[in-house]
Structure formats: C-alpha cells, structure tokens
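Going in written order, the chains are labelled A, B, C and D, and every chain counts its residues from 1.
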Amino acid sequence: MKIAVVGLGYWGPNLVRNFLSTDQVEGVVACDLAPRRLENIKKKFPMVETTTSFDDVLRDDNIAGVVIATPVSTHFPLGVKVLEAGKHLLIEKPMASNTAEAEELLDRAYAKMLTLMVDHTFVYTSAVQKMKELIAKGDIGDVLYFDSVRINLGLFQHDTNVIWDLAPHDLSIMDYLIEDKPIAVSCVGVNHFSEFEDVAYLTVHFAEKLIAQFHVNWLSPVKVRRILVGGTKLMVSYDDMEASEKIKVYDRGVDVRDEDSVYKKLVQYRTGNMYSPNIDSGEALSRMSAEFVDCINTGKPSISDGQTGLNVVKVLEAANISIKAGGRRVDLSHLSRPHGRALYSIPTFEN
Amino acid sequence: MKIAVVGLGYWGPNLVRNFLSTDQVEGVVACDLAPRRLENIKKKFPMVETTTSFDDVLRDDNIAGVVIATPVSTHFPLGVKVLEAGKHLLIEKPMASNTAEAEELLDRAYAKMLTLMVDHTFVYTSAVQKMKELIAKGDIGDVLYFDSVRINLGLFQHDTNVIWDLAPHDLSIMDYLIEDKPIAVSCVGVNHFSEFEDVAYLTVHFAEKLIAQFHVNWLSPVKVRRILVGGTKLMVSYDDMEASEKIKVYDRGVDVRDEDSVYKKLVQYRTGNMYSPNIDSGEALSRMSAEFVDCINTGKPSISDGQTGLNVVKVLEAANISIKAGGRRVDLSHLSRPHGRALYSIPTFEN
Amino acid sequence: MKIAVVGLGYWGPNLVRNFLSTDQVEGVVACDLAPRRLENIKKKFPMVETTTSFDDVLRDDNIAGVVIATPVSTHFPLGVKVLEAGKHLLIEKPMASNTAEAEELLDRAYAKMLTLMVDHTFVYTSAVQKMKELIAKGDIGDVLYFDSVRINLGLFQHDTNVIWDLAPHDLSIMDYLIEDKPIAVSCVGVNHFSEFEDVAYLTVHFAEKLIAQFHVNWLSPVKVRRILVGGTKLMVSYDDMEASEKIKVYDRGVDVRDEDSVYKKLVQYRTGNMYSPNIDSGEALSRMSAEFVDCINTGKPSISDGQTGLNVVKVLEAANISIKAGGRRVDLSHLSRPHGRALYSIPTFEN
Amino acid sequence: MKIAVVGLGYWGPNLVRNFLSTDQVEGVVACDLAPRRLENIKKKFPMVETTTSFDDVLRDDNIAGVVIATPVSTHFPLGVKVLEAGKHLLIEKPMASNTAEAEELLDRAYAKMLTLMVDHTFVYTSAVQKMKELIAKGDIGDVLYFDSVRINLGLFQHDTNVIWDLAPHDLSIMDYLIEDKPIAVSCVGVNHFSEFEDVAYLTVHFAEKLIAQFHVNWLSPVKVRRILVGGTKLMVSYDDMEASEKIKVYDRGVDVRDEDSVYKKLVQYRTGNMYSPNIDSGEALSRMSAEFVDCINTGKPSISDGQTGLNVVKVLEAANISIKAGGRRVDLSHLSRPHGRALYSIPTFEN
C-alpha cells in the first residue's frame, strides 16, 4: 500500500520519514499546496512522490491511508473528503476544531468501516507505555491525581492559544492512562500579547475523587515537561527532560486506618524505595506509523483511535468556553450532540 | 524588653531560640498549657522563663511583645487579649481564621497604636529579598505571571486543608513581590482521605493581565518548592530545594513590535544569559525577630504587618468558598466588611 | 560513666552534644586550653562540666572514655596519655600524623585491653551502611573500581594539605566497604597558595584488578561529594549532595563470554533498572557515640576501630611521600615497622 | 572542489552529511572497502559518489581534500599517501598511533604546503568557544587546574583502551584552552576484561603550578561529561549533559594577601554570582567542515591543525608508557625526535 501525507509544514516531514521506513508501505506521496516544500522533501527523500493536488491523492487507488498534517481548522473538511474517498485516515492532533466536527468524523469513519486515528505521539513512547503497564496491572492502586506541567519559551502560534498548542499531548496521555472519563472542565488563563492565551491552567474533573490539572505556558524561561500520577499504592513521576531515568516509581502512599473507639480515621504515609525502570529509546512516531498500517490491514482498534481524538477535543473545547467564562466549570455532557445527530454540511475546500 | 512566646508546638521553640539571641531582648517567657512542653524548652534553653498562665503573660509589665504560635482558630481571641493588654503582637501565619477576624485585629492594633505583625518567614529570606529588589528596580518589567508549586509527602493536618497549611507561604511572597492587589480567587481541589483537601490548585486574579497560580499538595512523592515569575524584561526562578543557586534570573522575554503595513503584532522571544546571584544564608527567622523588636521600638511598619496578614487570609477564605462552589470565581471585595464596621464580640478564651 | 571531650574547636561541640544524649552516659566533661571556648559550650549546654586541665581529665575516675578532638599533630601524645591513664580512647580523624604513631597507639591499646576508636563519622551514615549491605551480600559482585570526588570551595587549612583534610572521609568509607586491602598509593597535586596542596588526586592500588581514586579539591566552585562503585553485577552511586535518593543502585554490568571458535572474549553490557533505596536520616554521629559507649561496656570491636584508623593514616602518609616524588607509586608495606617494633619515646605534651 | 571521505564506519557518515552541505563543496566522494557501507550511504545521500578504491580517490584531480575516518592504526599510512598525492588532509582523532607518526605527517604537510587538520570536533562547539573567549580575555585569571570527567557505560573497543577512545576529546579541549604546554604525563588504570584498560586516570603536568586531570571510564553506570577550570579570578564548569546552561561561570576565586608584620599569607575566598551565558546550538561538525574548506582555500592555520593533533597524540603515547610503568611520570620531551629527523619508511598500505 501507499500512504499519503498532506501538509509538509513543521511535522509533516517527520511523518514522511517514518512512513518511508514502515513495513508494508510501498510508497509515500507527499502533498502540499506550496511547491517549495515539495522540492525540499524531494531533496531529502528522493523516493517520495509529490503532488500539489489533494484530489489526485483522493483518486489514487494505490493510496490506502492518508495522513492530514495541515492546520487544525482544515482537519475536518479534509478528513471528511478522505473518508468519502474510502481511504483510511490519520489526523495530526488535535483531531478537529470542536466536538461536533470530531463526532462527525467518527460517525463517518464508522459508517464506512474505515480506520480513524489521531497522531497522539506521546502514547507510543516507552515512558507512557511503562506507566500504562503499572496502572493497568493495578500496581499504582486508585489514581488520586494527575498533574502535568508543559512549559517553555515556546513559539507563539498565530491561530490558536497555548492550550490547543500544548495540552493535547498531556490530555491524550491522561486519556490513555486513566480509565475514568472526565465529567467537567475548568480553565483559567491570560493572553498578554494577542487574542490568544499564552499561560493557562486547565483542570479536568471526574465523578470520582480524582483531579487532573495541566499547566501550559509559552512564557516560561525554563523548559519543564513533567507528569505526576499519585496512587494509593505507588506514585509515578515522568520527567521528559531527563536523558535517562524519565520514569521514577515511588513506593510511597497513604494508609488509612479506621480507629475503632473514636470513629476517626488515621492517615499515615508509607515511604519506601524509588525505582526507575530501564526504558528503551525507540522512536514513538515509528510505532505510531506501524500501528496505522496494522490497523488498516487488520481493522483492529488503535490505542489513539478517533474516540481518543474526540475525548481530547471535547476537553479543549470546554476549556475555551470556561476560560471565556472566568474559569467556570463546564460540563462535558453539554458538548456532545444528542443521538441521531444531523449531518453537518461539509464546507467546500479549495485545494 | 521581654518577649513572650505562647504555644510551644512545632514552631514555637524556633521562635524562642531566635528571640533569645535577638538584640535588645532581655528575656524570653515561654507559655503553654502543657507542662511537659515547658520542661522540654527549659531543658534546651535553661535561661527561658516558663508559665502555663496566659494571664500572667498579659499582666507582666516587662513583656513588651507577645508571639502567638497556637492553632489558627485561637489566633484571634488570644490576639485580641494581647492587644487589650497593651502589648505588641506577632502572630504565626495564617494570621486568623477569616477576613473578619483579621480586620478586627487590624482595627484594634491601629486604635491602640500597637505593632501587629505576622510571621511570614519566607519574605525575610535572602532569596525573596533578592526577587523584591529585582522587581522594585523595574529590572523584571511588567509581571506577566506568578506560578508557585509547593508539594511534598507532607503531614496531614487534622484541623485544616492543604491550602491553609501550605499556601500562606507563597501567598505572602506574592503579596510582598507584586504591587497589584488581587481582585478574585478561584480554587479547585480534592479531599481523598478526610473532609480536608489534600491536593489543590488556587488561582489569584488581578485587574491587569496578570495571573497567579498555587499548586499545593500533601500527596506528592517528590518535594518541589518552586516559584516562577515571568516579566516582560526578565524571568526569575526561585527553587528552594537547591542548596545553592536558589535564584536564577533569565534574560529572556518577549518583544512585541507593531508592524506598520499590516496592523499586526509581531511577537518575538529574546534569549540571553542566565545568572544566579550569590545569596547569603542568614536565618530568615532571626531577621523577622529583629524586625519585630525594631517595630516595637520605633513604630515603623513591618514588611509583614497586619495588612499583609489580612491580604493572605482574604485569599485563603475566598479559596475555601470557591472550592466548595466547584471552582467558581470569588470576588475578594465581597469578603471585607463595609467601612464603619461594628466591633466583634470577642469569644471568651479559657486559658 | 562519664565521657570527656578534649578540644572544642570546630567539631568538639558536636561531640559534646551527641554524648550528652547518649544512653548510659551520665555526664560529659569538656576540656580545652581556651577558657572562652569553655564558656561558650557551657552557655549552650549548661549541664556540661568544663576544665582547662587535661591532667584533671586523666585523674577523674568517673571518666571512662576520652575523645580527642584537637589538631592532628597532638593526637598521638594526648592519646598515649589517655591510654596510660587506663581510659578508653576515641580520636578524631585522621587518627595520627603517620603510620608509626598509629601503630604505636594500636599496640598500647591492645596491651592495656582498652577500646581504641576513630571518629570516621561517614561509615555510620545510613547511605554507607546500605552500600556495605549490598557489597557484603554479594549483590554488587566483584568490585571493579571505587571513584570518589570531594570538592568544594573549602576552607584553607593552615597546618595540613587538602588530602589530610578531606580524603580521610572517603578513605574510611573505602576501607569499610572494600574487603581487599591496598598495596600501594600514588598521588599528584599542586599547592598554589602555600606549602600545602589545595588540589590533589590520590590513587590506591590493590593486588587484584581493582583501582580506587580520590579527587580532593579546595578550589572547586561547585560542591561535589560523590562516590561511584562499579561491580560486575551492580553499580552504585552515592551522591551526598542529594537531599533524598543519595544512593542509586544500577542494574548495569558487564557480561564476558568466551567465544569458542576464536578464543576471543565477547564483552557485553547489561542495562536494567535503577533503584534508590529509602534511607533513614538518623544522625551518624549519634550512632558513633553510642557505639563507643557500647564498645567500652562490652569490649566488642568497633566498625571504625584503631585498625581502620591505621589503614587510613597509612594511605595518607604514602600519599604525602608520593606527591613529593612526583606521583611515584609508594608501596604501603614499606611504611609499617617490622614486627617486634620498639616502643616510641612519647613526646612530653604540656597541657 | 570535491571532498573525499575515506572510511564509513561510525563517524564517516556524519562527515559525509556535513561536507554535503558545506559551502564551496561541489561534491563528496565516499570511499570504503565494504560495498555494503557504500550502498547504505548512497541510499541516505543519493548525490554522493562512491568508490572502493582509495587509489581512485588519490588520482581524482577534482578532489582537493581527503578526510581519513578509518581505524587509528591506518591514519598514518593513508595520510602519507594523501599528502604525497598533493591533497589537503583532515584526519579523525586521534591523528596517529604515536608521536613519530604525527611528527612525520606534520613535516610532510609542511614540506608540501598542504593543510593538515584533525577532527577535534569539541573545540568547535559554542561551549568551548565561550570558554576560550573567557580565558583569552584574561577574565579567568591564571588557570589553577583543569579537571575533566568523561565516563559512561560505553562501548568496549577491540583495538584500543579507554584513554585513546575518550581522552582525545578532552585533551584537545585542554590544548585549545590552555596556553602553557604540558611537560610530563602520569597515568594509572585497570584492564578488567581484556588487554585494554577500561578505567583510567590521566594527569598532565606543567612547568607552572597547574595540573590537569582526566578521568575516562567505560564502566560507569552514569554518564558524566564535565570539565572544571579553576582560575584565580573566575571558575568555569562545562557540563555537556545539560540541555541548556552547559557553561556556568562562577565569580569565585582566591585572594592572597601578604600580611606585613608576620610575613604570612592570608588566603581568602571570594564568592560572587554565577552566570550562564546563552550559547547557540549550531553543529560543531559543520563549523569544522567549513574551516577545512576555508583553510584549503586560504592557507590559514586551523584551530585544530596538525600541531594540536601532535600535542594530543604525544600525551596519549606518554599515558600508555606511564600506565605500563605503574603510573610513573613520563617526560614529554623524550617522545619527540631530535631535530633533523630521518624520514620514516612508509608502510605499504594495500587498499
């Protein structure tokens, strides 16, 4: 099969490179409106086919899957066309501009029985896989909180705020690790230099006693990328800035004992060893690429399928609503359309 | 003059030790209801006078100032008695249980022309003093955000939540550093093991484009105590867990230029050197003790006077309201009593 | 029993404090020629007896053990007098100025059946105890190297070089951890500002394929205190500057396989998890004090007995010889006196 | 001009990649005896010419410069042929197997007026350039010591010891930074698993009061790459494992004052700020490639010319001698051949 990559901006060339070395991929077609980008990719990877015509991509019967790596606002219209053309679809994160678009993509992929995946690269890292293993096996116990910090002197985006830029990474990790699903979101932030927030704090609420918080910031002088997951049995730190020892597992927890006579709880700490599992350093993106091909071939569900894409988009949309409302708590249930939802009119997309 | 320290739990003995070696303090009287604690302090510091009678302290004409280091709920009634007795007053943080109590203490101290101070120890550290200097001189430019993390596998308190336990440190630092005053507070958190929250995120809102956020957590496997202050000219990191190089000043900022032709802003980063000022390691508590004595003698205002204590308490009270209301934004203006406020009836406190 | 501490300079007061809270010690006598120091100790610890007369200490029948915390050059003459007086002896590190003195002290303690101990405080830390456990159980396998760095912007000493000042800590740890005994020493260094070296590198050679190296430096802008121990099965890092996680155990090693056909060895790495054992933070000095009292009572050997003191002094003496000889390897066997050694004439020490 | 790269093992492909994008280089010829390696390089960089014939490289008039990236033992014979063919020569570090070979290469390059350079990549890093600037301007004052640690769980080499594998990096940095030239070398080490040392400590002695030390180790569980340079005015730490802040400059030093009355020196510390200069992250190898082309064009000397290659090789050879002699100090003056040295017979090299 062939894979097409549409959009050769910052991330597209990485996708091209990875699909070129993915098993069972016989050719990669790169598509962009800008001829200069096509020349550049051709120079680096002479075996790549290039085209400026998205329609040609849709018409090419050898292309089984299409990867959309264009700006977020175009994910939905382009994605719809890919599915209409009967091709499997992989979309750069975030999957869509809002919940409605994301649900529509899911419906259509389901109706056509096509694979719909999102490039949540981080869930394919060995570090996150190791955390998933610890949580799935029950080693961590009940999860008490999920705390994420992703801050840096990052590039200001001209079409989105810091939440939509950075939080999808951590939201997809949370969605992958935590079985419970969020019920509400609150978010505060400030926009100092444009209409888009550059510092924000996003909180995800659950029905159970669990809280998740995401600090995203384009104005931090230091680069921090750390997730803490606290459980009743173990606690885990994932520091992506560490060259080695990214994951540290702390045998620390809380023991609660009921004291008979006084109807009082005794809360005590347990402090044991820390260990840092050895983690291979394979590239996450190549695992993601391989899974896309595998899902196309077998129809099996992906660990970052359309549903996970929808989950992330729903939180992002709620965050935008909350931030405008001064941090008010926004119920996620309000965002989904009632069952039997109408078909959206697909905007025409001039290629 | 003599100084009395009331309450010899965890922090009281440190206050005794410091006042013993403060210039112009001729004697320290330690007061606690528990004789065992008095014996212990006597064993360590034989020159200390001890008493179980708070009234004796109030009656002793040689005692010019009284330090209240008892549980928070007793700060107000004990403090009122100290002021009634015409003595200067230093209260452990937080100053009171709510805004009303704090304002009443201020009123009474003002009426009697007595010094009212709060033990916000951190504002006396060399690190915070250095940050104050940078901000006051204008080196940092406009402050864009204040981000604080104070997390640890801390002791569960049986009478308060993690916000009242840990946030006063960082709120007092913010109050000291930032000239603008907060207008509202929102706060989310979870209580896993008792009625008191053990993980919380507190946001302080300002009229200007400035946001302050405080992460406090008793359930973190790692100990983090870090404040980031981002300004338009410089950014500062204060990491209290570093043995040296606690303060790092980054010559990093944002340049915004108006581009004529397109009515568009161009946002650009500036990345320069980092430097870490050499900071002396004198004990903050001894500076605080010395300032109390100095304020008593001269009547000059303290850098952690009653007003700062009130500012901190107001945010804490608003945080409690917000957390119960699911993170709703709480206006601080609602908490203060209208001018010409009535005198509160002082609860009787049986010593 | 009573314990006397002779010499109240930098370290003596710590010894006084610890022996005051040691079980079975009924009183501590502090002895120094300088009355001002005695006043200071009395102020801090009013229950301490003080005297300027070393002879009084020797004559006091209630004093069972004497601690010598005076400058190194006086350790031997004072120690001899203590043993002559029939009292047990604990000497600050390093035990003596040279091998001859150290051996003489051992002989005399042995002849009188008195306890002779050295204050090698570090071997009583939980971190070193944990390393000892790992090595003793065979978990580490064969030790391949021992690498120590102890550097800092330290105080220049006026009577000794950086080797005698800092290396005894690490030499005593090595002596405690490594069963094999050194056969030779080589050492290089430079004295920039006085006759005493301020930067030095000391190498300890063994009969087996094992090397130990010690970097000591008074001129380092950063404070490093790290020991690496590499074994065939596990490798250990001990970083004393870490607040927690001082000890890290790496499941990393080398597998050597003989390849049949080619009479060639295949050397391969094994890279597994790292773990950091939880370590209590009890004060090492109080364990050392307790052991001295225990040894006095029971006659059992100490983990830092006179022999370990001799081992350390022998390496230090060899280092001084080597450094003067441009780093030449110095055999340790040459330093010891032949069996049946003559009694040394004891220099008169005017107290 | 064209550049030929001979030897496509671990490092050769990096050289090919860099010369491909170097200004004024019109083509790159890759030469290796193994056709498979040529296929691989062709696949990655289709525009590269390939050949298995070293003689063809020598005969190609369009090739102005040849890069030798083969095993060390072949550097000399291949290098001689390159110079004989009248081509400019860049050799991978270390330049040669011994001082005699290195000097012969220098003589021949000089006689033919050809550029002779060594790929000491580290001297082209922004970090080392910044250190050079500080030292050259006199900011650091007199250099007191140079301490280097380069340890890792590295690959065992089958034809050389850890010194020849790792120390050339740090020796070339020292040679670049320190104006004084070494007079002697001493070295100790252990070979645990083969005839080649896997742990070693190399000391470089100077006529002045300056000492340089290099710890190289293939058996360390942690990766450390740090250089400390202590000066009378400033001290510098270069930590290559830091993502940012690789260079830290400490305003710390030693003040020595003569005290009149007592003919005694007073040695005092000065502790000031630390700062970390912002350093660009350009690739050092591309600067090295550009300089080779520049030297070919202009005849100007390189910062890593043949003389620096010789300086490094001389220390390495002396280290090997010293290590066999138990760490004995080896005078570097003995290694150089007397002036008017005979021509070496060039071993025939079968391509």
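The definition used in the following text is that a residue touches a chain if its C-beta (ideal position, glycine included) is under 8 Å from a C-beta of that chain, and two chains touch if they have at least 3 such contacts.
A quick note: this is a predicted structure, and the numbers were derived from the prediction, not measured.
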Name the chain pair with more contacting C-beta pairs, choosing from B-D and A-D. B-D
Among B-C, C-D or A-C, which chain pair copies the contacts of A-B, with over half of them the same by residue number? C-D
Distance from the CA centroid of chain C to that of chain D, rounded to the nearest Å? 40
Taking each chain's mean CA coordinate, chain B and chain D are separated, in whole Å, by 55
How many angstrom between the C-alpha centroids of chain D and chain A? 44
Among the residues of chain D, which ones contact at least 2 other chains? 271, 274
Residues of chain C touching chain A in the complex: 245, 251, 271-278
Chain D-touching residues of chain C, taken from the complex the two chains share: 144-145, 147, 149, 151, 153, 156, 184, 186, 188-194, 199, 201, 203, 205, 209-211, 213, 215, 217, 219-222, 228, 230, 235-237, 248, 250, 252, 254, 256, 265, 267, 269, 271, 274, 326-329
Touching residues on chain C, where the partner in the complex is chain B: 46, 223, 241, 243-244
